[in-house]
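When the chains are written out, they are named A, B and C in that same order, and each has its own residue count from 1.
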Amino acid sequence: MVFNQQNIISIRDFNKEDIEYILRVAEKMEPIARSQESSDILSGKLLGMLFYEPSTRTRLSFEAAMKRLGGSTVGFAEAGTSSATKGENFTDTVRVVGEYTDVLVLRHNMEGTARLAAEIVDVPVINAGDGAGQHPTQTLLDLYTMKRILGRIKHLHVALVGDLKYGRTVHSLAYALAMFGTKMSFVSPPGLRMPREIMDDLNNTGVTVHETSDIKDVLSHVDVLYVTRIQKERFPDPQEYLKIKGAYTIDSELLKDSEAIVMHPLPRVDEIAHDVDNTPYGKYFQQAFYGVPVRMAILKSLIK
Amino acid sequence: MVFNQQNIISIRDFNKEDIEYILRVAEKMEPIARSQESSDILSGKLLGMLFYEPSTRTRLSFEAAMKRLGGSTVGFAEAGTSSATKGENFTDTVRVVGEYTDVLVLRHNMEGTARLAAEIVDVPVINAGDGAGQHPTQTLLDLYTMKRILGRIKHLHVALVGDLKYGRTVHSLAYALAMFGTKMSFVSPPGLRMPREIMDDLNNTGVTVHETSDIKDVLSHVDVLYVTRIQKERFPDPQEYLKIKGAYTIDSELLKDSEAIVMHPLPRVDEIAHDVDNTPYGKYFQQAFYGVPVRMAILKSLIK
Amino acid sequence: MVFNQQNIISIRDFNKEDIEYILRVAEKMEPIARSQESSDILSGKLLGMLFYEPSTRTRLSFEAAMKRLGGSTVGFAEAGTSSATKGENFTDTVRVVGEYTDVLVLRHNMEGTARLAAEIVDVPVINAGDGAGQHPTQTLLDLYTMKRILGRIKHLHVALVGDLKYGRTVHSLAYALAMFGTKMSFVSPPGLRMPREIMDDLNNTGVTVHETSDIKDVLSHVDVLYVTRIQKERFPDPQEYLKIKGAYTIDSELLKDSEAIVMHPLPRVDEIAHDVDNTPYGKYFQQAFYGVPVRMAILKSLIK
């Protein structure tokens, strides 16, 4: 098996073999991520962290992944502690930090910045979220979570729930699941449906996709409820928002006739009630943990 | 000897044996803290640093302790660089970072947050200060400083000086010294005396406590002057504050008939004059250093 | 060969032998900085980073240098995440962090702070820029860049271009080049010429210095164009600024009759056009990289 990517920019650059390669390596990394085994395979290596936007999970899990493998990190956690405040342009900063390190992880609020960075530096670039663009390592850990908890990706039925119009996470995940031929249901308010363009792409791959605005339509059929936040700002009328929000809130009561696991990219606000956290349904903290072995696999695969 | 704590939340959870255990391990750690010996006993281990409030000494000495033992750290140094700015709730952040790491250190401006965190994560939690609450690792390093410089804790006479009403440091230290049967004097302005509740608790343990508002009453008798800051905000009348402040400022002139060492949790403002810094009285920088071996002992004792 | 410095405060504390020592050690460090070899010569050692002002290059290259050699860092990247916000005075912070670590790197906006710090702590102090004062590690990497790319320092002709009145980088570099007897040309607008005092010092060393306001005077003669930014704030009349700026902008067209390499301490704004970046002239990113082996050499030379 081989891994064909020099950078991790978009899940759409991946083929199924690339994804399976990462998931397989991640499984070997798990005992190290759990601190049951120790490793120094990235000893002496440096990861550059360029976080122009704050982040807890993504930043800390990349750092944890690098450090558990014996490597180190340098960088900044927000634009304010970098020379960006002195007016330095983005490409110069990226080139300089690329000179210091073996691989870069970049988060930025502007779509396209990760691909631009990859074009100008000699080291591999990992996109950790570029605005409305891509967040491919999130998709990889989402797939890994399904595989580890449910044993498979292909013969699953996955419901994507919430804001499917603006959510970059669900767009990337839908494309990736389509590669595996996974059955999908899309559950959203009428105004926040999956964009037509993506629906066309998915239909062209031959996967079955079912759309609904009522979560009760899918509850008893699906293996996974993948929930995302619905943002108030999307609704001109606050009353409309409150009505919608209630209809898409997942709680224990709603789940009692379901066998689905509940996933969420986090942070959540109130779209999943806290009474789900410690039930067998709630897998979002385990999902967050799986970010570490998946990012270990990515770092190991990119660093020569 | 055994150590009974799973977490470090409040010094009041400790018994004398727990404290003596940490002090004994800290002594073995000193050559490593001084960089005279090197160690990798925490190699591959990860400390999560959740600092919702800025801090220099506490944060840096925990990081120094972890790194001198071969371990690594991940986290944030202020709420601004975490997802707290995206409205993520405290408990979700703590659970997620707990998934990535082997132990958490938490500083927060709200009392009770450390104990709450310990209830929801699987890894040990260390309270690095929770608002008006506790700061137990400060108390342990205070005790260690006395033991290392004066050779004992029990047969000392310790004066706590300054704001004894609001200072969490002196509250915790008083309880801990009472466990050792140490003689105490409390020196404070009348309006900033040790709270009645704590006085009752101390009297119940049978230790001797003497209260005064005049520092000259204790100068020639005590082994330790433990000084804390008196904050201007505590006084409605600025003139009253200035008068009080002068009476509680420690300088070389005042100390010349004393044999006490001067300790301070830092940061100081002007309650200890700089002319004390390089005299044999001034031990507060050495005290700060002792934070490193004490925190090494704590980390080693908690991480499995 | 020996290295005589206990601290790195100003390039003017160095003699030629000190500089050559660092440049020679840096050359041995290059394969480690490029991650072609690994090293743990600073394993267990701690570098304290006190950055009261934000910085990308200097901070990250020091961290990279320390970590590539197996060491660790603790500190802060801006005053906001330290106790400076609680009003703690500078000297107390420096003394405390000096207690935790083996060497300090300090950046501050006030001239003289690095030398003050060196007087009060027991560990070596490295000045990473103190306001209008010095930035000696920048000068060392500038010299290293010339030596590595052009093979020598002495028999070069170096043009310093731009704001020579206020730029601390060019002041330090001019003094250092004078130690080597390097021929220099100073190219600046009439109002931003090298200060008279420095000109006198340089003339006393016997080196040849030529001043001009027209960059075309030097283009065909020099080996190095060392470019610095001209800041708008220096000009009362914005029209005057725009005219000057245009005359001191380096682009490919201007360089086509030159054989000089172009260096810049970065960050640049628009004084070097992006069309120079990937030509054989543009060496400023390579120069940034050389910051890592040079700082490795400094750290190794100071840490016992």
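Note that a residue touches a chain if its C-beta (ideal position, glycine included) is under 8 Å from a C-beta of that chain, and two chains touch if they have at least 3 such contacts.
Being a predicted model, the structure only gives us computed values, none of them experimental.
Counting only contacts among the remaining chains, removing chain B from consideration leaves everything joined as one piece. Overlaying the C-alpha trace of chain A on that of chain B calls for a turn of 120°, given as a multiple of 5. A straight line joining the Cα centres of chain A and chain C is 40 Å long. Counting partner chains per residue, chain B has no residue touching two or more of them. Across the complex, chain A is touched by residues 43-46, 48, 72, 74-76, 80-88, 91-93, 95-97, 99-102 of chain B.
Put simply, chain B touches chain C in their complex at residues 32, 35, 38-39, 54-57, 60-61, 63-64, 67-68, 70, 77-78, 266-269, 274, 285-286, 288-289, 292.
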